[in-house]
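Beneath this line is the structure, given in structure tokens, with notes to follow.
Naming follows writing order (A, B, C and D), and every chain is counted from residue 1.
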Amino acid sequence: MLLDKKRLKEALAILSRDAKVLVPMEVDGVAKFTPWDGQKLPSLDMINTTLPPKDALFPQTEKMYNFTTGPNAQIAEVQGTEKQVLFGVRSCDARSIDCMDKAFLTGTFGDSFYSKKRENLTIIAVGCVKTGPFCFCDSMGLDPSSAPNADVQLADLGDAYAVTAQTERGTAVLDQWKSLLTEGEGDAPKPKCVLQVSVPEDFPKKLMGMFEHPIWDEVSKPCLGCGTCTYVCPTCYCFDINAEKHGHEGTEFRCWDSCMFSDYARMAGGHNPRPSKKERVRNRYLHKLAYFHEQHGQLLCVGCGRCVQKCPSNMDITRFIDMAGEAMNNG
Amino acid sequence: MSQVNEMQAQLRKVAAELLENDTVGYIIGWGATRFPDRTTPVFIHEAKDADKLMWNEYCVNGLAKYVLDDKIKAKKIGICIRGCDSRAINRLIIDNQIKRENVYLIGLPCEGKADKIKCGKCAHKNPVIHDVLIGDLVAETPVTDRFKAVEDQEKLTSDEKHAYWKGVYDKCIRCFACRNVCPVCSCKECFADQYRVGWQGKQNNSTENWNYGLTRSYHVGDRCVECGECERVCPMDLPLMLQNRKMLKDINELFGDYECGLSEEDRAPILGDYDLSDRDEFM
Amino acid sequence: MSRIGVFVCHCGSNIASGVHIDKVVEAAKLFPNVVYCEDNKYTCSEPGQFKIKAAIVEHRLDRVVVCTCSPRMHESTFRKMLKGTTINPYMLEVANLREQCSWVHTDKDKATDKAISLVRMAAAKVNENTSLFPSKIKVTKRALVIGGGIAGMQTALDIADAGHQVTLVEREPSIGGKMVMLDKTFPTMDCSACISTPKMVECSSHPNITIMTSSEVEKVDGYIGNFQAIIRQKARYVDHSLCKGCSDCMDACPVQARNNFDLGLGKRKAVYTLFPQAVPNKAVIEKKGASPCKFNCPAHLDAHGYMALTGVGRYEEALGVVRRTTPFAGVLGRVCFHPCEENCSRNKIDQPLAIATVKRFLADNARKSGKLGKIAVTAEPKDQKIAIIGSGPAGLNCAYMLALEGYKVTVFEALPKPGGMLKVGIPDYRLDKAVLAEEIKLIEDMGVEIKCNTRIGKDISFKALRGKGYKAFFIAIGAHTDSKLNVPGEDALGVVAGVDFLRESNLGNNPKPGKRVIVVGGGNVAMDAARTALRLGSDVTVLYRRSEAEMPANALEIDHAREEGVKFEFLAAPMEIISENGKLSGVKSIRNRLGEPDAKGRRSPVPIPGSEFILGVDTLIKAIGQKVVQEDLTAAGFTLYDRWGNIAANAETKTELADVFAGGDAQTGPATVIEAIAAGNKAAKAIMNYLEGTELPIEPYLMPEATVEADELKNVPRAARGRMPMIPIQDRRSTFKEAELGFDEKTAVAEALRCVNCAVCSECRACETACQSKAILREQEDELITQDFGAIVVTTGYELIDWAPLYGEYGGGRYPDVITGLQFERLVNASGPTEGHILRPSDQTEPKNVVIIKCVGSRDENKGKAYCSRACCMYGAKHAHQVLDKIPDSRCYVFYMDVRTAGKGYEEFYGRTREDGAMYLRGRVAKIYQEGGKLICKGEDSLLGKAVTVEADMVVLETAMVPSPGVVKLAGILGISTDPDKWLNEAHPKLRPVETNSAGIFLAGTCQGPKDIPDTVAQAGAAAAKVSALFSNDELETNPMISKVIDEKCSGCGLCVGCCPYTAISLQEIEERVGALRVKRLVASVNHALCQGCGACAGACRPGAIDLQGFSNRQLLEEVDALCL
Amino acid sequence: MSVIKEWEPKILVFTCNWCTYTGADLAGLNRMKYPENVRLVRVPCSSRVNPQFILRAFMKGCDGVLVCGCHPGDCHYVSGNYFTRRRFMLMQRLLEYNGVDPARFQARWISGSEAAKFRDTMIRVSKEIKALGPNTKFREDWYVKEAIANEPSK
């Protein structure tokens, strides 16, 4: 089916009827997924938003419980989840949601705050027609033009989008859009990333064997220990739970944390198992490229290139992969 | 060979010599990335690697803060410094974070880098302190618009000001890149990390971010060396120097001309000192 | 979880009538961690306190909030109460429900809301309180009192009487301060000395007081109870354990020094006591260093010493001073190039002293009167034999010094006569050889054997001499051969060497130079040769390659040569010697111009091409330098030379051979007589060290140069240098008679008295001879004494403002009869310079009209100080009274701004002075000028609004008090502060007037600000009481509500250090683990004895690494949070 | 019976123990009257006040903050208030620059004897703050009960 680009607003309006529609837009100089205002067309030409869409499922600050102390102490889970549509998601960000699903929903413990939001989320992906200077998703095993876990996949044919439902929820979207869609199909461009990284075979396993390798010293040195890479990363899902009290009332909340912060691993009593940035950078790269793979069978890096672009020190995970590969080849 | 290339060649030669004759343990400088328009800090330990040092218009990053990573300082640390880095080094010396004798300063006069925002108001292109100078000193150009943006901002109404900064701090993600890169931010444990004391909540919202940003500008305001690194590293491109320069402007107006880090023995930071003749507004 | 108890007080009805107590109690019960709440009628009462204590037990409370009156009222009451419970006294907060709630609000409901809020804040804060414990510090029960004036003495006595040890440090040689300088004290007119000298004596005899005069505090470390002071005991050059205070030394001292105690109105000796009743009554010597004349003399002759003695007619002693260094007084007095005179301080105002000529006078005078005498050898004779090669000034002086020490010395001389260059180099018209012979004979008379016609290498060898038992050798053969011109034709007949020419002449061999003589060179040898040739009838021209300014010869020698008829060709150098038939006929020369200065700053000559010219000549004398004759020594087996061909020896005259020493021209190249003498003396000491195995200094004892600035000499009367009489010019041209005749006695004495005594002590050492106790310690050095103290009292007093530079309109110090009030005190004082007679300093006449001007420098922001000096009104009245009282028919005018007489009996005294006839005129004097012996004072009587002119004989300026010099430095040493006028700051102007902000450091007297004697003494007593209170405990309990550093958070930036007014914070190095490493770094550290708990540091610290206990960041933030609920 | 209470601001006054707190006590002794909405936090010296306390107060919903200490030259701890003066001159400007109405943050020197000045200052400041209305700009909505729902997505 085809959706004429001229009818995009109508399509979004239909979605907005019973859900909050988040579209890529530049707001005040920052590109991010933001509630559609009903007016402006989303910026579907930009390669990638500055901030990933993970905030929709995993807000930077998320209230969990409200409580009161004192004689009549009470505790209540914060309610109020609404339906959300993520529109115009790229393959990399769509994959990142897949990663977060694995992190939050598999295993013995399912994260109820995440799962409630996830249940209410519809993902409408759009295939890339070109790639940016920092994109390397195809090296991470992704297809820039296709997001298998999206509910709906759009393919940009120039004047129209080819629309494909990939899930039941996607079929429902197409139903809603029935009046806007026309029959037809077409071939969208199949771009390749300019930035190519060669990931050796068995890379995660080999990398785990390099825990004591001097490479970590070298790659970690420029790191400033800020949280930029983790906060712009679509797959970084670490959080910290805190409470704020105001007299007898209080709120427990979680907020993003960054494994790059020096106090991240610090325990009560002051001991820090990751005292220097070497350990912290190692942990992050190993988590992205090895540990997660070990647990869930896929890399935690989706090749969106945001960390490469935004790192204040111009640290580059692709360069690290190459260096590590070289080190592996040299034994 | 262009001036810049000549300097790069000289830098590599000097670096190799310093490593060869054991003057320094290693040298902090700029090196190549995958991208021609970007460099990254490099740490050169052996003379044979001296050719990895770069000097071009993309050597943007401030390097001074890396000196603090070396806790032992078995040997001198060689570090490439431009005017801004040299002031940062002085700042670290004044704040007792490093000792002058522990660093070997390779001065590189700098005509400004590709980052026009960072370098736009540079009043000290030449290193104000160095052990060896690469290339020739360049002419300094007086800065006339140091506080122009601050003055414009001051003209806004109270509500406009609030709206402006609220917009700014709405965007902040509190990644702390601004703090971590700042040569003035040398606290062992930043107030913003001390959630239990109550200086700062961990929740991210514009008020908390504003609290962080305003406090940071107050903390660095009387010692800021105006390297512009905070603004450069901000992933959200927030106008952080607009906040920092406000305090510098007020200090200039209230306590006389003030620039920090111009020598190893700066005057005491404004907030660590007083003068009986200070203006009194609180009668 | 903490367990907080809240206790709400009704305060009778004081709180209850304004606040619903029940509502407060109900609300408080619900506050976090509050487990118990009750109300009381009077919480502070005994039953109320008992109820709290009971509740603590019953409800297992661990912290308490008391809601009552202001914490300023009862916080300490409740803290004391908690001392008897299980709760630490600092687990308490007080909510102020009375002064800041019930009493100030009218709406009871609103006041109740506020009360609840205040209690909530207190409960929130107390929840964060921690137990605090005072720490103890030990107290050293010894006080340091700095300044020995009346304040210091009184403080010391009061502390000592309380049974504690006191060290009283005074910068001057005596305690007493300003008060003993005064004549009478107002308003009672007691004799000042009569009431202050007993205090001085009491101090010195008090068993608990140690007086350290001539001492200054150099450094103070530590804190209250535990100060460590380093005190510099300045060298007094007199052993006070031996000095009897007899004044023999003072009688012997020839130096007339400024009497500072009399403010320059009188004189005293260089060795002195400050005033007759000084305590301690021991002499001290004022030495500012080595006078420039001595310092700059290569041999460090005590020029100042013999000048001082000459000035008082003690010629023999003066000659003795010279002979301490050399027997050649007569020789040096004639031929020395006298660097002493070049460096004489009088150069700065007029002309240098004729030091050399005075020395010559001493020798000539002794000769004339037959008192040349013999030089006694007092040392035990020693067996060692020493050989000296060469009998020039170096060799002979070395022999002299060794002989003085009792050694057996033989001098070997190659020539037929002894004296070296003195004999064969210097012409007779400069040095009468009879003088030389007599002074050499002095040496021979001491047992030194001089063997002439004995040439080393020919007649004797080192080997042979060693074989004969000589233990050491001094080579002093001089430089007796000439340097070559290095021009073609130099070997021509008629070209002679200057040294050879002079030797021939001096040995009486009558050389015959030709008619036309050209002397090449510009040094003293060239001048001697030229003038000798002139006297032998030749027409002499001196050819010198540079200009006159560059000539190395003495300017006087050049002048004399020119006077006698020698012609000069400057900027000309010989290029070629022209001979006819092997006989000299002319010299081809070239003109030079001066080029760039060389390394030594001398401009080198650059030949001008084409400027060649030829001079006809019969004899050409080369005098461009001398060299050492090496052949003889080489033959004797000595071959150690440096690259200039001089004998290689080090600065201590040692050669590479252990027993061979060398000095004089032979070692240095051609130099001067006095340098040769210095070398001889050094060699003598080096030889003695070698023979005795000692390592005594080679150089004579020498202090740093005492320089005197021109400014310090501005009041020295100008006096021309004595003129040297000379024989008639025709005799100078034709005979070899001594040209200069020397000074007569009168001229010599006058010349000696021109000395300005740069170093004060002349080092004549007359005192050493005079002192029967042998108490003089000539080479004493400052001593640093370290001592522990528990408290310090600063009583450094005041100084009078230096009015002269400020008040040009009062003559700026040019009129001697414009004096200060303190000078007047000395004039009117019976023990002062005029023995109590008021006499004008200028002419010692009694002034009839005296003008007194008040507020000179005080209350005059434009010129001096803005403040009032407080005492001047009264002593101005006193001075007026004294003038009218002591001088019959006198008139006294007092110009004043205001008359301030706040003090007991003060106004009455002022009234009496007016009744005495003192005329008070309100207004400032605008100008004073001198006219016919009168001082015309022009001013205004502002009450009448008309101009006033008074013709005064004397003017007394009542000048402002300013802090004692050095007080700023002392404040820095002690870490205490001064105000903008440099008075020391008290801790609080009303409540803590004698304390400083540094605990344990106190103030008394005028160091804090101008005041009179009664106030000073009262403060001294107060300070002593504070010290005694401090010393009444063995340990001090410190306030625990002080700052504390959290090392892990502290980055050591030092911001807090500068914020602390008590210097309680310092940076200390700590070691900590970072991963596997141990790392050293700086962190702030709080001295718990010094910290007063203000929290300025905590307010400044960015990461909150320094926190104030009791008002911690957590506590205050919780309080803020609670307030916002 | 329910009475709609008039809105009262919350005003925080930091006072040094030796001057202003004493002056406030003296105002009490003299039974001088001033509004109930000012609350004093006692600190040893005005220099103890960390400017971040003021930010905290605004975030927590305080409507006005006043820092009071001894007059320059009268500081019990010699020089503390000179530091106070510098810190708050700069902080006040910084706050104003960030949109805080200057009346919301003030500093005053009030000595132990100036009870009347204390009272007058409290009355005037209270009036000024009341006229400005509640501090909404810098209050962290987080703490407002009604705003308990999640923050809007970024």
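Throughout what follows, contacts are C-beta pairs under 8 Å (C-beta built on N, C-alpha and C of every residue); 3 or more make two chains touch, one makes a residue touch a chain.
From a predicted model like this one, the values you see are computed outputs, not experimental measurements.
Undergrad: Please state whether B-D or A-C has more C-beta contact pairs across its interface.
TA: Contact tally favours B-D.
Undergrad: If every chain is reduced to the average of its C-alpha atoms, which one ends up farthest from chain B?
TA: It is C.
Undergrad: Taking each chain's centre as the mean position of its Cα atoms, how many Å separate chain B from chain D?
TA: Computed value for the inter-centroid distance: 35 Å.
Undergrad: Compute the distance, rounded to whole Å, between the mean C-alpha positions of chain A and chain C.
TA: Roughly 77 Å, centre to centre.
Undergrad: How many angstrom between the C-alpha centroids of chain D and chain C?
TA: So the centre of chain C lies 55 Å away from the centre of chain D.
Undergrad: I'd like to verify one number: the distance from the centre of chain A to the centre of chain B, where each centre is the average of its C-alpha atoms, in whole angstrom.
TA: Result: the chain centres lie 32 Å from each other.
Undergrad: Which positions in chain D touch two or more other chains at once?
TA: Within chain D, residues 56, 60, 79, 83, 87, 142, 151, 154 contact more than one other chain.
Undergrad: Residue numbers in chain B touching 2 or more other chains?
TA: In chain B, 170, 189, 191, 198-199, 201, 203, 205, 271, 273, 276 touch at least two other chains.
Undergrad: Residues of chain C that contact two or more other chains, please.
TA: Each of 1048, 1059, 1074, 1100, 1104, 1113, 1117, 1121 in chain C touches at least two other chains.
Undergrad: Would you mind writing out the residues of chain C in touch with chain A in their complex?
TA: Chain C residues touching chain A: 30, 32, 1048, 1074-1075, 1121-1122, 1125.
Undergrad: Quick one: which bits of chain C touch chain B in the complex? Just the residue numbers, please.
TA: Touching chain B: residues 980, 1048-1056, 1058-1059, 1067, 1074, 1077, 1079, 1082, 1100, 1102-1105, 1113-1114, 1117-1118, 1121 of chain C.
Undergrad: Inside the complex, what are the residues of chain A that reach chain B?
TA: 28-30, 50-51, 60-61, 133, 195, 218, 221-222, 224-228, 230-232, 240, 242, 244, 253, 255-256, 258, 261, 263, 276-277, 310, 312-316, 318-319
Undergrad: Write out the stretch or stretches of chain B touching chain D in their complex.
TA: Chain B residues touching chain D: 150, 153-154, 158-166, 170, 191, 198-199, 201, 203, 205, 207-208, 210-211, 214-215, 217-218, 221-222, 243, 246-247, 250-251, 254-255, 270-271, 273-276, 278-283.
Undergrad: Applying the document's contact rule, which stretches of chain A touch chain C when the two form their complex?
TA: Within the complex, chain A touches chain C at residues 69-71, 246-248, 270, 275-276.
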